[in-house]
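Could you have a look at this structure, given as structure tokens, before my questions?
Order of writing sets the labels: A, B, C, D and E. Residues in every chain begin at 1.
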């Protein structure tokens, strides 16, 4: 049996589960990658409950916190990862630069390592056995329609500003949504959290009470659950301010609709994704999977993702797959020298424009918290459910 | 002699698309008389009746009731009432409510309309069953309820479309006597559609025999039976032979044919016992078949069987000349 | 005198749950004769026929055909064939295939079964229409096909359930003559269910009159008509009066009653013209109603109307004593 | 015996895929869950939380509200359409053609039919643009989309046919002579409708009602899409729980929904004998 | 023709509006699917092209439309065949009473009225608890049957209610065995209805969303894929897909009607009077 006969089944959210990647894998490595895209709840569900339905899970770190203890994924030997040493610090010791402070929430490095092969625990430091290989991450903030708002937006509090009643939106993924809500409540000065990534029941109750009240008052136009929903809401003018993901803003802009990824004084809420391997994977397919991971980190995918506005776990390797103009615009926060276009050919920025939020370090250095799973997760989930149903 | 409520059809035509169901029919239905509309299937009887009732538009011509043109009036304002072929009783209403239906539509209050319904149910001897649903009644009982319902509006003319066809033969004979009695007691006109000759003969003061969208012959029952104008009438009414002679075609009543030693030679084809009579079909020379209705006693004194040779005779005077 | 294929019912009973549809009936149907099962609706005629055919199980008793017990044989192995009330021709098969159906089930090859079907279609004069579908035939034509289909298995007894009821009166008379002719030509037994007395009288060698799940009287048509055993038979066959006298109840044929100057006093209630005769109903003293069948000529020489006083007379010798 | 043999496959399918799953739900509703798996331990916690939360009752009420409003509208609309087809269209060919015309959209994916309202009703959708350009309004109407209005609209759009078909079916079986008898009795069109057609159409109405109520009460995606997740019904509650892997809690809510549905339908089934009406 | 009453025009207008209401969204998306390459999900149109249809046949950014279409097609055919066979058997069984027939009938009705998501949830739970793989062809297939079988069976009830038992008696009289009776008489006579059951089974399955949601396993059926696309796709390609599925449905109905037509014509030809004097 040859490696090119191998078929690996990967699933994940639409963000990174792109068919272009599968195509390129076929070209570069010869084997077949089958992609299934789901929303993040479905992703969690499948990773946690149907280990036989996939070989590769493309999931987020906070999801890993739920999934890893089930033993559905296997630990990965970092010695087999060629570019392990070049992975940014966030995913290894949690620090972007040696002097960075670690943000609240489920920072990727806290769930990035396990004690060894077969481990279902999390290790506090690098052990040589990774739970997920980081692939993609970003810092999120509010997206706005400057043309419809017409004034500067500086704080998370604006999300609940009655000025935008019926024109605001929030994402309906409990673990992330509650963080955005917490950012808002904290900015409003209503609640002071111990750790937004690990709230107490009381904090949860108070947060949800504020949000529920806003919802009843008709603050929200809609909730969204996937990337493209948020794009559609913004692009169609249904919503002028909402929690949003950076590439989603890129997508809105690519339609010629003004949209700003608004840096806020309270900082960003950040997330990171990675690839995990099914515990049932072994032999040739496992080798293929490692080959795939090494290929993933070798730059092409990184470039592909960075040109959409995400960050690569190994930015250095991606640089080779981007023009200096692109690298400057996307990574270094420099004004574009020539028009910037997405991998799909849409023009995203004209010469002279600067990326919202500035450079990589500017952004990732202002992370206020990470997407996370709390100890009171189940309670939070129920409360969130109530909030959605309220 | 015309009484109150004559009904007149004046050059009435009914077309369905290209097909002509009733073709330029004119006829005067005398008030207070029992008229049977008789004819083979599809000849236009129901269409005629339904035009009179107002359930079918008139393509051409007009309908005049008691001197007033009613051609375009809605059914309820014509002074006619209709009794439908399979009665069309409202299945969800009790017998009483069925009968009282049109009073309810008029806004008559409950006690009054129930009283009136009760009277009519008495008339048709159904008062006992006033609380039943139609599905709990036998065919004959349903028929009476339908009658009561039609009569509750005090119509000048009652229209009946094959009112007896859903009953078994035994009941049919009984119910037709009741219909006749009722008509005489009420003194209003009945127009009754049927395709049974015996029914028409038994009931009708006047028979209107239709064929092929036209009236073939109209007149008192006895006249139709004894003096059929055309071969069609003679054949349709039954009990007649049609004989082709050099002088033309003639009708000869079957009960005028007898077995006689000196008659025409013939071979028996079929023998049918009919109670008081025996119907004997025999073939004469020239393929002419002749039906003879022979009194039982006479026949069984010397019974014949199919294949036997017989001689048939009749009085020349009983031959009745046909027009077509 | 018994010919080949006698059919005998021995204490046959049919129950549907608690209801008894056929109650301990025994009868011998002579081979080769035309028997009519007659009776009012619901008396058990169809149930009896369907037990003979094998389409209905027998609750008690047995059925013997030509000396062999067939009570529990499947329909096709009894030597009987059935013609259904509304013919039940297979709508998806052509006339030819309908007739050939049972041969096909037996595995007869196509040419052979088509040849045989062709013969039977000749017999009923339907060969021209062999390729049609049943829906493309008129009622009378369908009836003939049904007949051919039933006969294709060479049955010893043909069972017919109201074969004529779907036809209009005109056609009914024609088709019944054909049935009779065919039976005579084939020489097999026909058992024909009907609720029309005239039909039974016209066709039957023997009439079996049922009432209330039992046989009320059985015998040749003339015997049933002339010598009804019970009041029920007399009334059901029609044309009879039932008179209560101190000595008992008697049947008196209506055509034996005449208008005469010296008879019993009565008041005319109803007059029905019947073609050759007039049926006159009159009420005598003591509520006794009497039906008189008076020849047309005699009646119209001195017509009577409802309400007129008349005198009715009859020969004492014509009174026929009833048993119940 | 043969009856059982013939019915066996049906019984088997229903036993495996209906009875067992529902029983499973009932059992699981007493289990507990961790974040990613369910734990078979008896607990009333799910019900305590469910029945103790005001939201549950509000959502239940909302579910019933959607069902009731949708029912009223689909009934009125469905009855009118069926009435037109059955009694006002004269030729049978036209009847069949128009009826088919009504059923064709039914063969298109429900989800696509649903989301196709969005370009229509949005703030910058066709409806608003048209109204704006005609000068009927000077502000886009927000309540056209992501509101109870849009939810009900989508329900009506999706499910009216389920009313039309059974009602049309019963109406077609009403003997036309009954209508003539009514007009003979002097009933006006409305009186005929009220006193003859309506009572005789009742079985069809009941069957249509059963369809619409079950579909609306069990729905979860129409509410999600058309309300922009701003409203909820019980189905949404269940789906949220499922999405969050809270199967026991989802099961408990399911049991609640099942009980409510079966109660409503049970009452309706007492009023109509489905087998007889077919 | 008689003049139409005024109510006719009122009702005809209502009916026309109803049709517009039914078709409006479908037509909207049909138009939008011809957007130019720059066009978005809403009006105004930016150019007109077949771009999005072409796009549909190319690799999508996410998902696998044609794979899921293929799965839906196969699943639809499977469900269709099973539904026809099981419903006919069930229909035959229910013509006589048998032990438990009442209970089974109630189960059938329950299957019809129990909200889809409960079945989906229950089947999913059972399969995971029993350690069976969840797959569209096993759990998905079974869950869909609980929806198509009641419909199939109810249609069969309607068919057999109108089926004259005299046909079978006539067949038995002709010596047909029970199997021959079914094969040569019952099935051919009810064949057109069977086509109907099949068509119904296929479309119900092909369009089924809720019952497949938790029972399809790792591979999506078309409705699930479309559901995914509604949240994952931001281009008119989804409208192109909608238009195409509608066209596909129309083709299926067309094929069905054509089959009926041809069958009817073939029968009629067998015994036409053409060219023959009567």
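Note that in this section a contact is a pair of C-beta atoms (placed from the backbone, for glycine too) under 8 Å apart; a residue touches a chain by one contact, two chains touch by 3 or more.
The structure displayed is predicted, hence computed values, not measured ones.
The chains in contact with chain A as well as with chain D are E. Core chain by CA centroid proximity to the global CA centroid: E. Summed over C-beta pairs in contact, the chain pair with the top total is D-E.
Rounded to whole angstrom, the centroid-to-centroid distance between chain B and chain E, based on C-alpha atoms, equals 52 Å. Taking each chain's centre as the average of its CA atoms, chain A and chain B sit 90 Å apart.
Inter-chain spacing, taken between the CA centroids of chain A and chain E, is 40 Å. As a whole-number value, the distance joining the C-alpha centres of chain A and chain C reads 90 Å.
Multi-chain contact residues, meaning those touching two or more other chains, occur in chain E at positions 41-42.
Each of the following residues of chain D touches two or more other chains: 122, 124, 242. For chain C, the set of residues that touch two or more other chains is empty.
Within the complex, the chain D residues that touch chain A are 33-37, 49, 53, 55, 58-59, 122-124, 142, 145-146, 227-230, 232, 236-237, 240-246, 249. On chain C, the positions that touch chain E within their shared complex are 53-55, 74-77, 81-82, 84-86, 88-95, 101-102, 104-106, 129, 131-133, 136, 149-150, 153. Of all residues in chain E, those touching chain A in their complex are 40-42, 59-64, 128, 133-134, 217-220, 228, 231-234.
Note for the complex: chain E touches chain C at residues 164, 166-167, 169-177, 180, 184-185, 188-189, 191, 267-268, 270-273.
Those residues of chain D that touch chain B in the complex are listed here as 175, 177-178, 180-188, 191, 195-196, 199-200.
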